[in-house]
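Naming follows writing order (A, B and C), and every chain is counted from residue 1.
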Amino acid sequence: MLVAGRIFALGMLIALWIFIIGCMEMAKKKLPSFRKLAGLDALPEMAGRAAEMNRPIHFTTGLGELTGTVAPQLVAGLAVLGYVSELAAKYGVKVIYSVYQAQVMPIATELMREAYVRAGKPDAFNAEEQIRYLSGEQFAYATAVQGIAERERPAANIMIGPFYAESMMFSETFFRIGAIQLAGTARGYQIPFFAVVCDYLLIGEEIYAAGAYLSKDPIQAGSIQGQDIGKIIGWILMFIGVLATVAGTPIINDLLKM
Amino acid sequence: MSLFVRRQIPIVLVFVAALLVMADYFLGFRTTTGPIVTDLQNWGIILSAFALGFGAVNLFYLHTRHISRRTPGQWPFSIWILIMIVVFTIIGVATGPTGPQYSWLYNASYFALSATVYSSLGFYMTTGCYRALRARNAEAALLLVVGAIALLRNAPAVAVGVPIIIPMEAWLSSIPTTSAQRGIMIGAALGAIALGVRTMIGRETGFLGRLTEAERRGGT
Amino acid sequence: MSKEGAGFWRKLEDVPREILYTILLIVFIIPMLNPIGFPVPISDAVKKWYATIDALPAGSAIMIDFGYSGGGEPELGPLAAAVYHHIFRKGGLKPITMSTSIDGTLLWDKVIAEVNPEKYGRKYGVDYIHIGYISGTETAMAAVGKNLRATTSTDYHGASLDQFPIMQGIADASSFKLLICYTTGGDQSEGWVRQWYTPYKVPYLCAVIAMMVPTMLPYQKAGQIVSLLAGAQAGEMELLINVPGRGIKSADVITLTHILVFAFVVLGNIAYYGRKASERARGG
């Protein structure tokens, strides 16, 4: 019944499901704690800077679709958008959200509206002005964002989500106009470009933790905890595998190939 | 439409579809699940093609709004984009997407612009390297050394003139870089599995275009 | 050291980007107009790519994905052309192309026009074919791998696949002896590993833009990709197959611009330490 060569993968998948669901349920009783993420702790500073300079905050969740393989990164970016919107509303700062994928717009609108309501400033939210669908084409979107940077000169730029070649273009352009920048992506190709230019950086799964870190949502927090258990299992297998390979036994290799 | 229909039925559909695809991959019931999964995949392809058309409709809607409201600094460009959409559509439909006229239009406009904007990355990277690769401290010095080795290795003539740089860069790529990338990939994959689980059990409803109650309550 | 000295170092440390861009542009244009002919090494990865195709027995079907966008054409187009030259010159192989990128069909036209298969005596539908753009990225890859005819029944002109001799016996991934992907997007390059290599073990050659190579290396080190090339290595492939083209012309530009950027980095560091030394001298 089980396809040879995929048995171990199926077992690991089921185990991860159990851990993730279990941790999500446990998180409802006690929220897990996270280590400090400097970039996220700097968000109030970024909003304050924007308020002092009377300039907006620019936010983008990059390219990618809610139904694609990079959807987890997009979802993580939207979680941070909710937090930033509430923070900005409290400080009286405009948030401009540049949208690549049209299907994100209704979610973003609802997210930001709820954030402004929580901040006690529902009338300050203007969806048409603040949520801008630019283009579904990569470089048309990229040049439109650069245009927003040059014209509106945001004091802060936050980029969390799946980014492609436009990452360097955004980073350099916002650096040139003097914006403070926080960037985060799990797309390994673009992390180096953010690392050399941006002030704060979230690498890889830190963006998944960002949503949980900021929202204190037990579902997201429990999910992160379950993923961390998965990483621990991976680390244990790797450690045992190295020892086994050095000892001359292929037991772990055979287990992985099962 | 009741909340049950709008919310629960899509979640059940997602759950069943995901289970079928996983059963087809992991379990040996190919004769049963194979044709169903093939159909599901083909439906997925059709839906994603439909999304392209949806994107065009969305663009029309947004830009006609800009034109009707005379949005300052925007509305002339909105007229232009609508003209170009119409021109591309008419030529594409009339001559086919592989016709010489459409190909010429594509090569003369979109391809040229796309390649130009992509090429501008080289300039951004130059200023980025000039500014960032400075040995301000130990970590920055390490970044500088590694960056310099990679830069010179990728210059073909330098690799011929200084052959020692080839195994140096090969070691850097094979050992520290690959190890770091594997760690990031494992993390990203676990994130995708977690999102998949949350979607299947209805705890993640972003794809339905709405927030969960927890997300509504979320924030500082 | 005087205040003017510190000012000099500061100016050198913050050279305006307009000057940097102008120098870069000049260094870029000169070798494009007057090729210098710098030596180009042929790397092991290029040799492995070549050997993999060369080792294919006659009648082998190759799935080629033109998964890159217009922006990546200057880098990946020359490599795709060089590989087609190799395939057509070897003869007896069945390159069947599809596109997971919406620009792919038009970019394929460009490459085929450059290669001119007719000069090798190759005919469309007999020796090569394009089965069109299939949307959905990984879903498309999975669907084509499972059942090609159920996913698409026409070529990119809309003609039925049944009429083309090259498509005889082509049913799914198991019909192919090799997979080649040219892409600017990680979704394609990684997706083929998951959807074709992992379930069907089809050998996979992958060409990406240079900045994607470090991230794709884990797959190549794990044996999931036979050979991984950056598009910038097109010149090496052209040299190997002895068909010079756009790739080898770019090699001079790549060499000079990389050396220039290295020089800028050195300049920046000299200026940084010079400024620090002059500030220390003033302070001390």
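Criterion: a residue touches a chain if its C-beta (ideal position, glycine included) is under 8 Å from a C-beta of that chain, and two chains touch if they have at least 3 such contacts.
Treat the numbers as computed from the prediction; the structure is a model and nothing was measured.
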item: Category of the chain touch graph - line, ring, star, complete, other; value: complete
item: Geometric centre: closest chain by C-alpha means; value: B
item: Pair joined by more contacting C-beta pairs (A-C or A-B); value: A-B
item: Distance between chain centroids, defined by C-alpha means - subunit A, subunit B (Å); value: 14
item: Mean-CA-position distance for subunit C and subunit A (Å); value: 29
item: Of all residues in subunit A, the ones touching two or more other chains; value: 69, 139, 165, 187-188
item: Touching two or more other chains - residue numbers and ranges from subunit B; value: 25, 48, 114, 117-118, 125, 127, 129, 131, 133, 181, 185
item: Numbers and ranges of subunit C residues touching at least 2 other chains; value: 17, 69, 71, 137, 214-215
item: Residues of subunit C defined as touching subunit B within the complex; value: 15, 17, 20-21, 24, 38-41, 69-74, 102-103, 105-107, 109-110, 134-137, 139-140, 142-143, 146-147, 150-151, 156-158, 199, 210, 213-215, 217-218, 221, 230, 232, 235-236, 251, 254-262, 264-265, 267-269, 272
item: Complex contacts: residues of subunit B adjacent to subunit C; value: 25, 34, 37-38, 41-42, 44-45, 48-49, 52, 96-98, 103, 106-107, 110-111, 114-115, 117-119, 122-123, 125-127, 129-131, 133-136, 144, 147-148, 151-152, 154-161, 166, 173-174, 177-178, 181-182, 185
item: Residues on subunit B engaged by subunit A in the complex (per definition of touch); value: 22, 25-29, 48, 51, 54-55, 58-59, 62, 73, 113-114, 117-118, 120-121, 124-125, 127-129, 131-133, 143, 181, 183-188, 190-195, 197-198, 201, 203-204, 206-207, 209-212, 214-216, 218-220
item: Interface residues, subunit C side, partner subunit A - complex; value: 17, 69, 71, 137-138, 184-187, 191, 209, 211-212, 214-215
item: Interfacial residue positions of subunit A with respect to subunit C in the complex; value: 68-70, 138-139, 164-165, 176, 187-189
